[in-house]
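Okay, so chain A shows up in both of these, paired with chain B first and chain C after.
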Partner chain A sequence: MLLEALYFVVVLALSLLFYYRTKYPLHVLFFASLFFIAYMQWCAILLLLGNAIFAFYWGRLISTSAKRKQALFVFGVSILLLELIIFKVLLLEDGAWTGSAAPKLMLTLGLSFYTLQHMAYFFDIKIGRIQPEEKAGYYILSAAYFPKLLCGPVITYQNAKKALFNAPIFKIENLVSGANRFAFGAFKKLVLADRLAPMSAAVFEGSYPLHGFTALFGGLLFTLQVYFDFSGYIDMALGISRMFGINLPENFALPLRATSITHFWRRWHMTLMQWLSAYVYYPFSYYFRKSALLSALIGIVLTLFFSAFWHGIGLTFLLWGACHMLYLSIELLAQQRQIEIPKALGWFLTIVAVSFANVFFRAGDLQVVYKLTTDIFSLNTFWPHNWLAGFVAVIAKGGELNDLFNCALAALLVLLFLLFEARLNAIANSDKFNVSWLFSLLLLIAVLGVFSDGEQFIYARF
Partner chain B sequence: MIDFFKLNGFVCDESTAAADISAWNSFSHLPLISKIEEAFALRFSFVEVTDFQTLGDIADSIAQKTSAV
Partner chain C sequence: MLKKLTILLLLVMAAVFALDHLLFFGLSHNLNLKASYVGQGKVRAEALVLGPCEPLFTIDPDYLEKKLKRSVYNLSLNHSDFADNYLHFYLYLKNNPAPKMLLLYVTPESFDLRFNTFHAYRFAPFLADSIVTATIGDLDSNYAPWMRLPLLRYSYFGRMLLFPALQGFKHWNSGKQKPYLSKGYEQHRPAVSPFFDPARKSDSLLFDVQLDEFGNTPEDAADKTFIWNAKREKYFVKIMELARAKGLQVIVYESPGFSGILGTQRNRHLFLQKINALSSRFGSAYWCFDHLATCGARANFISPLMMKSAASQNFMDTLSLRINKLK
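For the complex of A and B:
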């Protein structure tokens, strides 16, 4: 881990040095990106380049064929979807949650993310919103740009073009604010997410039956874990990118403070939701716009179906999507009837609903789903009679002293973090050199970080 | 706009955007557009509908379409 981190810092420092000193900064970004992918898994370069070259030339073909535009668009998207299905099925066979999928997973490094870029590119060319890129190198770089490759943020070609292809201007503020944001992300991942990981795994991979409250709490633990894991990665990606003077879009805006599911989706994985809204929701709902209810319901169903498919092929992901379809439909009907509930109650219901849906997201297979939902809906045994044995011992994997310590520490850190999150975000985005901020984060990571288990980023699985 | 979103007392101008009105979201954007299309007896293309950011954008497009008739 230390060697990997050192290697990454050296490569990053050299890339920054060459990026600002050379006359060919985009070449530096391109080779730094290839170097990064090759380090993770060299085979992934072939898949990435193959896809990007296909998208580049197919985009040109769509723009030049006035009569066959629609057919070429459908064919191009079908090819990309087919590829996504093939690789997701391969991952599914290997068990995406068990870690045994690692070699194949690395082959498909960033596939789900850059596929979205290619599909949006085809669509925007088809409807005439953009012209196809003239230079293949520019298009390939927009797909391969390494900070966003592994887990996003999701970005369209026109946004990548605006962000990436500017002459670099060295500003010390960019380095400082990038470092502030990167350290913040590393803290979220290594201290918060990886400390929560064994606790949520204890619920989802432990023995059954559980008390309903414990099973539902497992969903909350996973929600927190995935939030710190994913937003931690995004902080690091945005931090590195900012060091190059390139601003990538934000992906989270305090989602755990949302007071409804609609608000939650405006604050969680925002770039994916913007993509889904622009390329799935609106294209289909547009034709049904005369009926407010029908257009919204069709949009909700198709958007969440695609979102579930994008996360993984399987009934568990579909059930997760179905939960959110139901939540959003209920909220839509409530909105139409102008029914409002107190914000505190809305927040509580949102957290419970998201945690419940995440039970399906994390469960892995239908057997686990069946067991956990049976536990949750067994009202007689919902509350543990013995909290130490029925709750604490479960999430602390039997209640060994070091596991109990981890639970208490994680609970304290997470609560403090969520309480002061808005203020911490402001410091992480500051471009002022703050020694105490950086020193405190590095100290916390060194003392409390989890380095031994080698936890992967959760969204790298998708 | 005021009637559609039932915004009593709300003052909107050309710069008013979806972010200024909490009820103006993905669910309500298309029905709003549909009402405007009905009221002015015109039709917006898909690209126009998805590119509208402010009331000014919608007003400009209406002005362009009605003056062309």
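For the complex of A and C:
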């Protein structure tokens, strides 16, 4: 990991240098992106290039063929979906959570993310929202742009075009702001997410029976882990991008403070939800526009079905999607009847509901789903009789002092972070060189970061 | 801007070096870490017990001392392999008077990479020693590049080392002289913080579940075809060579295992022959105790190779009798 980090820093520094010095900055970005992919898995370049070239030419075909526009659009999307299904099924065989699928995951580096871009590109050309790109290189770069490749944010081609294809203007503020954001993301990933990972794994990967509360708490731990992991990556991606003077869209807006599930989805993985709204929810609800309620419900079901499918082909993801379909439908009905609940209660219910749904998201297979739901719904054993043995020792992965220390430290760090998150976000987005901020983050990462057995980014699995 | 950057770099460098020294200090003063404790040169033992969790939990030096009539220290460590044992043995000999005898636990699992492992983090405070760094370089290529980086050499294993470093400060501050496990032997139960439940005897927790699982699914040890590993052999030989160089009498032994499991291991007999041949090269016979009546009863075992304390006392009686006959 050390050498990888060093290579990355060197390549990034060289790319920045050439990007601002050369007359061909986009070429620099293009080759830096290819180098980044090749370093991780050179075969992934073939898949990415193949997809991007197909999308580029197919987009042109859709635009030039007035009569067969719809058929070409459906065919193009079907090809992309089929490819996604094939790769996701292949990955599913090995199990994305076990780590054994890692080489295959590397092969499909960013596939789920750039597939969304290609599909949106076809759709936008079909309805005449955009004109097809004329230069293949530009289109390929928009798909391959390395900061967003692995885990997003999800962007459409027109957004990528607006963000990427401008003449670079060197500003020291961009470098500072990028560094502030990058360090913040690294802290979230290395200190918070990776410290929570073994604790949530203890719940999901253990074969021993659990008390209902402990199993549900595992869902909360995973929710926190995936939040810090994913938002940490996004911070790093946005930070690097900002160093190049490129602004990528935000993906999170304090989602763990949401007071309803609707509210939660407006703040969580925002770029995916925007994509789903634009290309699944609205087009499908349009067909049922005669009944507002029906169109909203059908939109919710299809959007979350697609979201579940995008995350992985398996019943566990479908169950996760079904939970959110149910939550959102209930909220929609409650909203229609003007039922309101206090914000504090809303926040609590949202956290519990999201954590419960994430039990399915993280479970991996139906056996684990069955075990954990049985644990959660065995009401007579919901609360641990002995909190040390039935809760702390399970979460801490043992009863030794060192395990308890790590567990307590993770809890403290997470609580402090969540308490001051809004303020920390503001500093991370600042373009002022804040010595104490960078010093604190670097030191916290160096002392409390997990380097030896850290997890790969969770969303790189999808 | 440049001024601020310089200040940041200077601050980071100062903090890194200060924390590096503090962590080293804390870890070196933690008496509960066996490597640190033996590194302080405070152990005086005539017989040394070496191996993974089986001897750690079954060989009680207080009991064995009475039988052997010589002082005993248990240098065994949980999940350790031969390389781990070798470095502990090396650090012991480097800092303490050499014992007269080494009791080395060896079983077919010891030569199979799937069982136990090398823990580089245990040696983080000893990276100034070339033998230690060479062994880590040989066995943990991920950690090797981090070894020379101040602070990161410790924080690479932060989850394992931060708490022991803080505990080391406490030991230093309180003037503590003896470790929690004064003779290295650990009673078979997970340690639990008295902070959570002072009255608790801490003998259940998750371990109860593991005990139950053993009764039903002992898949870790049953039906195994062992695979011989050359690196395991290399470090076994290094232990034997080191013992020979210091003139130690080496007893290579395997404590009794549950016959219901051992009987299902496909090439166990071939491994026993191979271990015997290897030990003989250094003038030591390989003692197996799988014929004892203890082996037949499931009730005597915590796990397939680990006896409960009553059974292990019977075993220590037999072992010491045999050692005393040698004398």
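FYI, the second predicted complex is superposed on the first by the 461 of 462 C-alpha atoms of A that agree within 3 Å, B and C clash if a C-alpha of one lies under 4 Å from a C-alpha of the other, contacts with A are read in each partner's own complex, and residues count from 1 in each chain.
Please note the rule applied: contacts are C-beta pairs under 8 Å (C-beta built on N, C-alpha and C of every residue); 3 or more make two chains touch, one makes a residue touch a chain.
Bear in mind that the values here come from a model prediction, so they are computed numbers and not experimental data.
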| item | value |
| --- | --- |
| First (chain B), second (chain C), both or neither touched by A:I127 | first |
| First (chain B), second (chain C), both or neither touched by A:V394 | second |
| Contacts of A:A292 with chain B and chain C, given as first, second, both or neither | first |
| Of chain C and chain B, partner touching more chain A residues | C |
| Which superposed partner A:Y281 touches (first chain B, second chain C, both, neither) | first |
| Of all residues in chain A, those that touch chain B in their complex | 127-129, 262, 266, 277-278, 281-283, 285-286, 288-292, 295-296, 299, 332, 335, 338 |
| Residue ranges of chain A in contact with chain C within the complex | 1-3, 172, 195, 207-209, 388-389, 392-394, 398-402, 404-406, 409, 433, 435, 438-439, 442-443, 446-453 |
| Residue ranges of chain B touching chain A (in the complex, touch as defined) | 6, 23, 25-28, 30-31, 33-34, 46-47, 49-51 |
| Interface residues, chain C side, partner chain A - complex | 1, 4-5, 7-8, 11-12, 15-16, 19, 121, 142-143, 145-146, 149, 151-152, 155-160, 162-164, 166-167, 190-193, 195-197, 200, 202, 204-206, 209, 213 |
